[in-house]
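Both complexes shown next keep chain A, but they swap its partner, so chain B is in the first and chain C is in the second.
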Partner chain A sequence: MARRGSRLSTALIAGLILLFTGGPVLLAFYGSVVPDRILLDPNISILDHGLSFETYRYVFTGELPASYLLEGANRSMISDAARQVPQSLWNSTRIALAAMALNILLGAPAAYVFARYAFPGKKASFMFIILSPLVPTTALVVPIYMLMQSLGLIGSIYGIILVHTAQALPFTVLILSVFFRKIPAELFEAAVLDRCTGLQGFLRIALPLALPSIGATGLFAFMLSYSEYIFSLVLSGEARSRPVSVVMAALARNTDVSWSLLNTSIFIAIIPSLVLVVLVWRFVVEGLLAGSVKG
Partner chain B sequence: MWTIRRYPLLWLLPALLPVAAFIVYPVAYAFWTSLHGVMLLFPGEPFVGLDNYKRVLSSGYFRTAFLNSVVFMALAAPLVVILGVSVALFLQRRFAGSMIVRSVVLLPWVLPGAISAVLWIWVFHPSFGIINGLLEWAGAINAPIQWLNTPTLAFACVLVAHIWTQIPFAVVLTMAALAAINAETLEAATIDCRSGWKRFWHVIFPEIKAMVVVLIVYNALVAFTTYDLVYAMTGGGPGTATTLLAFQIWRESFAMYDFGAGSALAFVMVAVAGLLIVLITRALPSDLFEERP
Partner chain C sequence: MASVELSGVCKNFGAVEAVCDVSLSIKDREFVVFVGPSGCGKSTLLRMIAGLEEITSGELRIGGKRMNDVPAADRGIAMVFQSYALYPHMTVAENMGFGLKMSGVPKEEVRAKVAQAAAVLQIEELLDRKPRALSGGQRQRVAIGRAITRNPGVFLFDEPLSNLDAGLRAQMRIEIARLHAELDATMIYVTHDQVEAMTLADRIVVMNKGRVEQQGSPLDLYERPDNMFVASFLGQPRINFIQVRAESREGMAVLRLGAGDQVPLPPALSAAVEPGAALTLGIRPDAVGLSGEAADGSVAGSIELVEHLGSETLIHVRLPEMVGLTTVTMPGKGRVERGAACWLTFDPEQILLFDAGGTRLKPGAA
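Right after this comes the complex of A and B.
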């Protein structure tokens, strides 16, 4: 009896979580495969018309959906920005992967030192690192734009990579140092007895043990970069180097744009990161959980 | 040779330098701007001292925007952490389809703010939104509710959307912290504590406390400095109901081209946020900042 009750509550809670987190995204998918005239007209049933993938075809090939070729159809509802989505996905992926790699490379050593060593200036430098993200980004936009301009990095993805790396680093260091701290001190003491240097302790003990956490932290840097908007907007310049958040915002701001085209772009923009999330989630968190069960 | 003990700074510099270059320099520049009259529409940048600050602090907008931001943060940060920790605890269970739930929970995370905003506009839309649609279908309402055009409701809608975007991160970090708990500790707890709540409070919570503090501080910061959701969902309205401080900075700087006032506002915000962070970390004692031998 209690068994069945708990199974029911499990299903109920799982359903609620799914509904809250996945619901709006599901709505977007629904909106992307149903043409506007059916979607917004309560008198037409969706079941009579079936699904339509013409907006997807438009984004990738530029072939207009049939309904907009009809006479009297509102052509302004089709926005060219939707055609930039595939290129912007490629840009965003490169930027976010680079920011992720740089974050781990630059952040892990610092996090390790913060977690394991006491030295003069530790508290000050740690506070500096963790308090720096509290500066509102809107205040930083103009100075960073000028800095990037003097470096000649406007209109390329490299400037954006630099800014995204710097933005995520405080979190990388903070989170990784919490993880490094969790590693039992006895392991390092044993390493010292075996005449391991600090560098070896880092490379042979801390890094392998914290690998899942490093993956999770890297994923965080990736996400931060993927969804960042304001710096991507000012630093990207022309359409060719625009990341996906900028293109999506341009589409979203256009009040004329067709709902189904907007939803199609949203859905396409989700797919690459979805793949990454599922992959990393599998390896990182599932690996962690399996490890903890074995003890 | 390169021993960490002797040259810890060498290990820190790769992380410290980029942060300094992209935060300290711009902040110094913004500080300079806040003391000068920098307006795009007027040539010259005269030194005006604290005039920008006086103008910003005495403006009618400041009080409202400040109160809105504080209320928003006071509601959003605890809610995100409580929901995030609860979901993470729940996802410890194994059941059919638990992998699906675990992946779907991450969905809001992968979406840029502008997209999340559009998704939620779609949910709350007065004529085509799903909530009004369901309520009408159930016969609970006759006329559509103007979710995003009623001050209190609009604030609540932005809050819900904000919580939605922040939950995945809280869940991931809490799950990672939960996974790091020693299995023997958990076994002992299962034997000693029969009530689930007691087990959580006395055994599990102390183990993840450091992470919870990090999450609360982080979420307070995020809630205090968020602007893209507000920008895309309500534009600060109706009236000033959803005008948050960070959004106001954006408006001063980029809609009115008054960079001096925008920078002054940013500095006021930095000060307030810094104070809040100190208060939060004091209120929640944790071993996070303790020196360990």
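Right after this comes the complex of A and C.
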């Protein structure tokens, strides 16, 4: 009895979580394949009309949906911002992948050194890295803008990459250093006896063991970068270098925008995350479990 | 040639003095065991020999060469760790060949050496497995195999068997003894299992609080311990200690126990004793005789606890006015009753006497 009860409550809670996480995604998809006049008119049944992928066609090719060519349709509902979605998707993917790569490239060695070596200022520098995310982002917008301006990086994706890397790095360093600290010291001592230098110990012992955790933190950096808004907005400048989050906000701010166009853009923007999660999910789960199970 | 010499070696961790003024001379192909209670500095000493721990002061020589500042990989040693320390992401073969590979040995040669070591340890069929797919005993073998492939002059073992169950431990102990005979290498072995120490060692080094208490062959230490610490550390079941006072009777020293029983001493020991001194009598359980009747020089007591081990029986006897119990071993399944009165006799030749400071009194000339 107790067993069935607990299974029931598990299912209930899982269902609730699914409702709040999967629900919006499904709604966005639904809204994207049903034209506005059907979506907003309670008297027209969806079943009569079937699905329509015209808005997707518009986003990628610029060909206007038939319904908006009808007389009396409000042309202003077709926002130009929707046409920026493909380019922004490409921008965001590059930015997020670069931030992810830099996080791993910089974060893993840093975490290893923090975990395994003693050096002057270790505690202070670690604290500084770990506590830096506590500074409110908005307080940093102006100084970072000025910094990037002096570096000539406004209006390009490179400035954004730098900022996103810096934003995720504290988490990368923290999570990976916890992992590295859990590797028994004797393993590295054995490596020393096997003629490994410090660097070889890192590359040949620590890194292969940390692969799942590195996958997890890399994915985390990707997500953080992909959804980041305020710096992306301030640093991106013109349409050419805008990431997805900025374009989405522009779409959403347009009060007249077509619902199905907005939903289409939302759904397209979700896709890269979905793909990445499916590809890397195994790593994430393993990485998070790795700490609790001793190799 | 892989002799190991330590002279005046010390190790400080900040204010903690882990190893203090240790001087040892270990001959080529000798099997030396470091024993001692937890925290006495055995591992630290071993790790200094390995090069994993810096030597604070003193000198280490291996094969006659000063090694204080030589990197661990160049000392001609191999170490087997308590936790095995196998690389989890490598197969057994890769684990065993890793050191050679890092030293730039050609692949073919690495493979041959690994195969050879695997044959010695009979783990050929495990070579393609990852460590997590091995049992504890198999991991232990692989760890030893990894040491063998490096063909070192000195093997260092830090409690290699402590993670195994009793049966496997006995088996691996024999295995290690066999390897020592086969490999022609010096072995230094840390344990706090005194059975391992007694069975494996050519020489035992007993450590306490960072210092060497005594060193010598197992039987030497067992029969002639320098002090109570060494006497109590070796031997299973442990040696009995009984508080006594020396008295003189007809020109010979006798020992008076609390209740007034007197134990005579052999002449040689008698000469070393000053009448009136408070001493501790040490006697191994197998040197105590137990009988149902009083005899000259016997001590009265009562049986408090009987443990049957099958091949022998441990009898714990309470002597009047003594804090602890006195243990007696009897071969076979002796039938004794709890609570019965009994009389103990001590084999005079095996009596050890310690002064108030715990140092053994050496028998003088009779």
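The criterion applied here is as follows: the second predicted complex is superposed on the first by the 263 of 295 C-alpha atoms of A that agree within 3 Å, B and C clash if a C-alpha of one lies under 4 Å from a C-alpha of the other, contacts with A are read in each partner's own complex, and residues count from 1 in each chain.
Throughout what follows, a residue touches a chain if its C-beta (ideal position, glycine included) is under 8 Å from a C-beta of that chain, and two chains touch if they have at least 3 such contacts.
What you see is a predicted model; the values in this text were computed from it and never measured.
S.K.: Quick check on the chain A-based superposition: chain B and chain C, clash or fit?
M.R.: Aligned on chain A, chain C fits beside chain B.
S.K.: Regarding the shared-chain residue A:A110, is it in contact with chain B (first), chain C (second), both, or neither?
M.R.: A:A110 sits against chain B, while chain C stays out of touch.
S.K.: Looking at A:Q87 after the superposition, I want to know if it touches chain B, chain C, both of them or none. Which is it: first, second, both, neither?
M.R.: neither
S.K.: Identify the partner contact of A:L27: answer first if only chain B is touched, second if only chain C is, both if each is, neither if none is.
M.R.: A:L27 sits against chain B, while chain C stays out of touch.
S.K.: With both complexes superposed on chain A, which partner does A:S156 reach: first (chain B), second (chain C), both or neither?
M.R.: Touch status of A:S156: no partner.
S.K.: Can A:I13 be said to touch chain B (first), chain C (second), both, or neither?
M.R.: first
S.K.: Quick one: is A:G198 in contact with chain B, with chain C, with both, or with neither? Answer first, second, both or neither.
M.R.: So A:G198 only meets chain B here.
S.K.: In the overlay, work out which of chain B or chain C sits against more residues of chain A.
M.R.: Between chain B and chain C, B touches the greater number of residues in chain A.
S.K.: Going by the contact rule set out at the top, does A:E189 touch chain B (first), chain C (second), both, or neither?
M.R.: In the superposed model, A:E189 contacts chain C only, not chain B.
S.K.: Report the closest approach of chain B and chain C over their C-alpha atoms in the superposed model, as a whole number of Å.
M.R.: 10
S.K.: For chain A, give the residues common to its interface with chain B and its interface with chain C.
M.R.: Residues 295, which sit in both footprints.
S.K.: Going by the contact rule at the top, pick out the chain A residues touching chain B in the complex.
M.R.: My answer: residues 7, 10-11, 13-14, 17-18, 20-25, 27-28, 31, 39-40, 105-107, 109-114, 116-119, 121-123, 125-126, 128-129, 131-144, 146-147, 162-163, 165-167, 169-175, 178-179, 181-182, 185, 197-199, 202, 212-213, 216, 219-220, 223, 226-230, 244-245, 248-249, 252-253, 259, 262, 266, 269-270, 273-274, 277-278, 281, 285, 288-289, 291-295.
S.K.: Where on chain C does chain A make contact in their complex?
M.R.: For chain C paired with chain A, touching residues are 50-52, 72-73, 77-79, 81-83, 85-89, 98-99, 102-103, 131-132, 146, 150.
S.K.: Applying the document's contact rule, which stretches of chain B touch chain A when the two form their complex?
M.R.: Against chain A, the touching part of chain B is residues 1-5, 8-9, 11-12, 14-16, 18-19, 21-27, 29-30, 33, 87, 90, 93, 95, 97-98, 100-120, 122-123, 128, 130, 164, 167-169, 172-173, 175-176, 179-184, 210-211, 214, 218, 221, 224-225, 227-228, 232, 246, 249-250, 253-254, 259, 262-263, 266-267, 269-270, 273-274, 277, 288-289, 291-293.
S.K.: Can you tell me which positions in chain A touch chain C when the two form their complex?
M.R.: Interface residues on the chain A side: 184, 186-187, 189-196, 200, 205, 208-209, 295.
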